[in-house]
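Before anything else, here's the structure in question.
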Amino acid sequence: MSLWDKYSAVRSHSVLICSKLQKEDYVVQPVVDVSPPKWHLGHTTWFFETFILIPNAFAYQPFNPDYNYVFNSYYENIGARVIRTDRGNLSRPTVDEVFQYRAYVDEAMEKYLPGLTDPTVLELLELGLNHEQQHQELLWYDIKYILGHNPLFPEYAADNIESGLVNSAEGWADFNEGVYEIGYQGDGFHFDNELGRHKVYIQNFSISTRLVSNADYLEFIRAGGYQDFNLWHAEAWDWVNKNNITAPMYWYEVDGIWHRYSLSGLETLKPEEPVSHISYYEAAAFAQWKGMRLPTEFEWEVASVQLDWGKLWEWTESAYLPYPGFSKAAGALGEYNGKFMVNQKVLRGASVATPAGHGRNTYRNFFHPNLRWMFSGIRLSK
Amino acid sequence: MSLWDKYSAVRSHSVLICSKLQKEDYVVQPVVDVSPPKWHLGHTTWFFETFILIPNAFAYQPFNPDYNYVFNSYYENIGARVIRTDRGNLSRPTVDEVFQYRAYVDEAMEKYLPGLTDPTVLELLELGLNHEQQHQELLWYDIKYILGHNPLFPEYAADNIESGLVNSAEGWADFNEGVYEIGYQGDGFHFDNELGRHKVYIQNFSISTRLVSNADYLEFIRAGGYQDFNLWHAEAWDWVNKNNITAPMYWYEVDGIWHRYSLSGLETLKPEEPVSHISYYEAAAFAQWKGMRLPTEFEWEVASVQLDWGKLWEWTESAYLPYPGFSKAAGALGEYNGKFMVNQKVLRGASVATPAGHGRNTYRNFFHPNLRWMFSGIRLSK
Amino acid sequence: MSLWDKYSAVRSHSVLICSKLQKEDYVVQPVVDVSPPKWHLGHTTWFFETFILIPNAFAYQPFNPDYNYVFNSYYENIGARVIRTDRGNLSRPTVDEVFQYRAYVDEAMEKYLPGLTDPTVLELLELGLNHEQQHQELLWYDIKYILGHNPLFPEYAADNIESGLVNSAEGWADFNEGVYEIGYQGDGFHFDNELGRHKVYIQNFSISTRLVSNADYLEFIRAGGYQDFNLWHAEAWDWVNKNNITAPMYWYEVDGIWHRYSLSGLETLKPEEPVSHISYYEAAAFAQWKGMRLPTEFEWEVASVQLDWGKLWEWTESAYLPYPGFSKAAGALGEYNGKFMVNQKVLRGASVATPAGHGRNTYRNFFHPNLRWMFSGIRLSK
Amino acid sequence: MSLWDKYSAVRSHSVLICSKLQKEDYVVQPVVDVSPPKWHLGHTTWFFETFILIPNAFAYQPFNPDYNYVFNSYYENIGARVIRTDRGNLSRPTVDEVFQYRAYVDEAMEKYLPGLTDPTVLELLELGLNHEQQHQELLWYDIKYILGHNPLFPEYAADNIESGLVNSAEGWADFNEGVYEIGYQGDGFHFDNELGRHKVYIQNFSISTRLVSNADYLEFIRAGGYQDFNLWHAEAWDWVNKNNITAPMYWYEVDGIWHRYSLSGLETLKPEEPVSHISYYEAAAFAQWKGMRLPTEFEWEVASVQLDWGKLWEWTESAYLPYPGFSKAAGALGEYNGKFMVNQKVLRGASVATPAGHGRNTYRNFFHPNLRWMFSGIRLSK
């Protein structure tokens, strides 16, 4: 498989995800965490233009010099940018212009890639492709949010990724205490936050082979879980009350029957499906109610060989912190992971929205504990 | 001219204003005061559907019952609605669907209007047309804001309404003190806030025949007007500092040369043009700096026969208050004007964005004193 | 009566108002509009020190140069100051130190006043005394707020100014339309905002000789007045909902019985007493519910000769605007009134908290329409 | 030492800390994290009354039933309470009343303690005393904040706890990788968050024997540390910019010379003193600038036998999380630690403000990463 084939396969998948959207769906930003789909399409393109073509491709002319301002996300090293909350205020560049931008950059990449042998640039290329895959996952979250928070509840498509939300059989896997090795080892792609490979001491633990289901979670709701402060962290309790949280995101009680918005539209709750779109706060409160707990990310990594995973990102009890010996790269690429290592929680696994081939059992995803627009779920430990 | 011809002329003008937009321009809401153009097109249609067709047209079926929720603006009597700050979060209904909605309602109106004789409904029809004209003016403000706050500064069209921003000759018109009559009198259309016709006592005054120009205003800036708290109301001074205001909206200093964004794009400042997009706070500070003042709305109405007006809405010193004997209609239509009669200032005249035939010299426009995205300007009095 | 006697009478009244306070009561600022009593005592002293002693009294040494920073209220011309919201964060200067400051300045004034003949300084002296009287009124508002919002509901004193809240007999006074003269005329003290004396045309009107009572207002509550949006201005309705307003300030329903906190403590509602601590928003909604309206400040001034007033400041429909020919003084004293002439409403009359001799029937008090910690009430007009 | 002697020794220390305050200093709350000293004195008393006397002491009558509302801090199980931001709005109960409350409860405790043998209550007693010691430390923080943020910069006392801020000699202690035991072991008092004792695997590390000094930190400032985003976490960079942070809390540059407010007043910076009042954000940025890092709490605990500690709480890289097997008690006492185990960082050691006998090398203090009003400092690791 040539570099171009590999590049082109990833790039076309982003376009495929958006293929069922109306032009208007590409533009809006209903909350700060959601970016307009056209922004994702532009930003991932900007990454290749800024970090590969401009510094390396002979005589490359940027498509539009103003796009650096429009499509930079958070790279302070690269200069000023549209503030994040303003992304949904930009009607221009239009969707057509963003697709022209993609075609222009792809054409330049098609010319550039055959001669590419510089290992530093090859590494950047691989990072750029993984970066685009991360935005593909975000595209699913954001598209679902945009459609699922519209009062008309439009469907994305009858057949979609959520059909993959099938639970595993009930059971517990047990592990003995001892010293285990954690972190990425090998020659494949990985992020800097998966290094260095290091030893940890883990106590005896058991971990569920099955994710918490909608039916399980409904019990928690019916038992008054959202009203019992004893189950919640102090900050979580503030969050519940300030936002009037009474159910997972996308759950709606209509005439006494619980529904869930999926990419197929509003439908009655499927009891066996794993519960999704859950914040850490809710995951921890549910575990507390069950008299159990969430696994640490180390337990999870050790157990992962016995788990059937890939449906939902699973909250862990672990804070997102550097591994021993972690160091970040110089310049803009050093901003990729390290600067987020405070006040976030690690999630492990992958989800139905994760592009094929993107996951690993050493992969460390991370989100703030109150967020739940991503495909997140709960696995219990004890 | 038949009712349908009259209706159809107003309706098609809204579409004409939007004809140069890209689909994406219809969707965004960069600040709370700006509504997405597609919302204006839907809301004005909803007005006719809700107040005329549903209660009166035989066997009329609403286009989509959910649209009442989507397109109600502020009529508490009509039920729940999308909160104002969320209008820009809605990608659906699409622009095409909004145009289908317009066509559907227009077709029903075409059938309904020939038989219409009920004076109450005729009054509602006229209100609906004037209401749509008011939104045509807002469409201009909002389109300009959306394009003019985009970092790419796209032009709307080379030839546009702003070519009408031509100033009158310098001079002062003088009036003697005495009792004058104020308010609407006649058989034509007028809003409830222009009634009742009543007497006021006015002192001697002079009023400028010319609006304050960009050149005049630039002098104020260069004299440090935005830095001298003595010129400003206390609330205005807070506003200046909190928002770092240093020039009118749409003014940009580029390499030492002042530019102004107009619907033709970014261009160097035209000194003779009347200064536009000015808040009351700025208008009052400018007048204070000149040792003059703004006219009251009564002075303005008396003087209007001698003024050449229609370029910019002119701030007055008058607060927006009920005239003696004012009473509001029952139900939803009573929400049109009366409930805004606190904390706003009256503007008189009309602007280049005002649809032909919509203005009157008794017309009372009103805005909060900090706003300036509308076509507003300054006329001095002494 | 010597200047010193006059000065001394006003100054000692401020101390008398505070005489029943605990030291802790002098310090707190529960909301931004309420200032700590020790701040009032210091600020009124600072006024005499800054505007009279420092520029005029031979060899006067300021008590403490840092006090200019601590006790300036809003005079931009006088330099930097503690921001208003921080007044309650200052434990120092202590109450004892503030009283020492008062004694020090009073002693200097006692030496200075006998030789004072300069008319400009005499004017400043009179302004300073009227300024202190205004703060005496604010002291009552603020003390009541501090005690009345404490969960222990401490009484100020069994016998206090609220015993003056006795209503007048029911009746209507009628006036004929015509030209009337408005504004201050004479040689006595008056504020710049009461000038210039000018003619206004007033339509026929009737004004109630009695203030709206607690019993009247209770009817409004029981009729669902706080739940009917048709009665409220749009901004008022937002205010009601955002702040969960369901009754006047200081009203508490305990076991089904309405109570009111007065300076004597919590007591059952007195039906005949005029309703107090009412915002403009509530006053206007009540008037709307009665099918009546509030008087304008001009009607009020014309009618005042037939009214028995002095219990509560009465909201008018008039916005606080400059009279024809109004001009403000240069420098700091010009900041006294003019810079507040936007977004506020005029109140007329006086209240049980107004110091004897401070009121006039041309006096223009003003507050934002949402405020109600002052002794304000409702008089109807039609 | 009898129970009463032990109780009485702790209780009188709280009073001693406050002995140099003016009455006004007891009342104010300049920011939400700072509580008024009188609130601390009341709240610690309320703890004994609520958890020991009311449920256990025969015929005990609460001092004032309303005090439960006033002095509950965050115990949801105990009922409604004054919201935290309102503590500084309460002038009552007065300082004298709070001291009467202390005396009343102490007298009841003096009667109750001699007969106390119930182990559950003995445990509560010990918790109550440790709780009061924690508030003694907070009293120092809050008193310093109240005085040090007053524009008059009053001193607390010439001789005070800050004289203990003496640094140790420079050096590094090295440790070998391996399995270590962490957590409290023994029969003494400890908090639930120090359990269970468990094994961790630690990599080779070196830890400084000396805290970062004012001189070290000044170098960081002079090198532009507060302007270089590469050194900061993303959230930290937002915090720096939003709050205009350019130096540690209590540092002031006066005429080009750096000063620091200590409890002795404003004085020139002492270069050798350990830098204090530092947020985690600043500690991490400083470490990044030095090319080093902060220790984990496990490294710290292992190294502690070789460290001379007790000057400042030392930020660690560890998030505040439950140890393996952690479980919280039922009811109100279960709210003591567990509910704060999200979004906070662990600090280890003790400070000059920690009461004698209160610290332990397994003690886990915790604060949000942006806070710095406590006596916190930096120890580097590599």
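First chain written, first letter: the chains are A, B, C and D, and each begins at residue 1.
Going forward, contacts are C-beta pairs under 8 Å (C-beta built on N, C-alpha and C of every residue); 3 or more make two chains touch, one makes a residue touch a chain.
Just so we're on the same page, UniProt names per chain: A, B, C, D = Ergothioneine biosynthesis protein EgtB.
This structure is a prediction, so every number in the text was calculated from the model and none was measured.
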| query | How short can a chain-to-chain path be from chain A to chain C, counted in steps between touching chains? | reply | 2
| request: Report back the single chain whose CA centre is most distant from the CA centre of chain A. | output: C
| note | Whole-Å distance, C-alpha centre of chain A to that of chain B, is 44
| said: Quick check: how many Å separate the C-alpha centres of chain B and chain D? | reply: 57
| note | dist(centroid_CA(chain B), centroid_CA(chain C)) in Å evaluates to 37
| task | Mind pulling the residue numbers of chain C that touch at least two other chains? | result | none
| request: Would you please name all pairs of chains that touch? | output: A-B, A-D, B-C, C-D
| chain D residues touching chain C - in the complex, by the definition given at the top | 22-30, 38, 66, 69-70, 82, 86, 88-95, 146-147, 149-152, 154
| query | Okay, in this complex, where on chain B does chain C touch? | reply | 74, 76-77, 177, 179, 198-201, 203, 229-230, 232-237, 280-281, 284, 293, 317-319, 321-322, 324-325, 334-335, 339-343, 345, 369
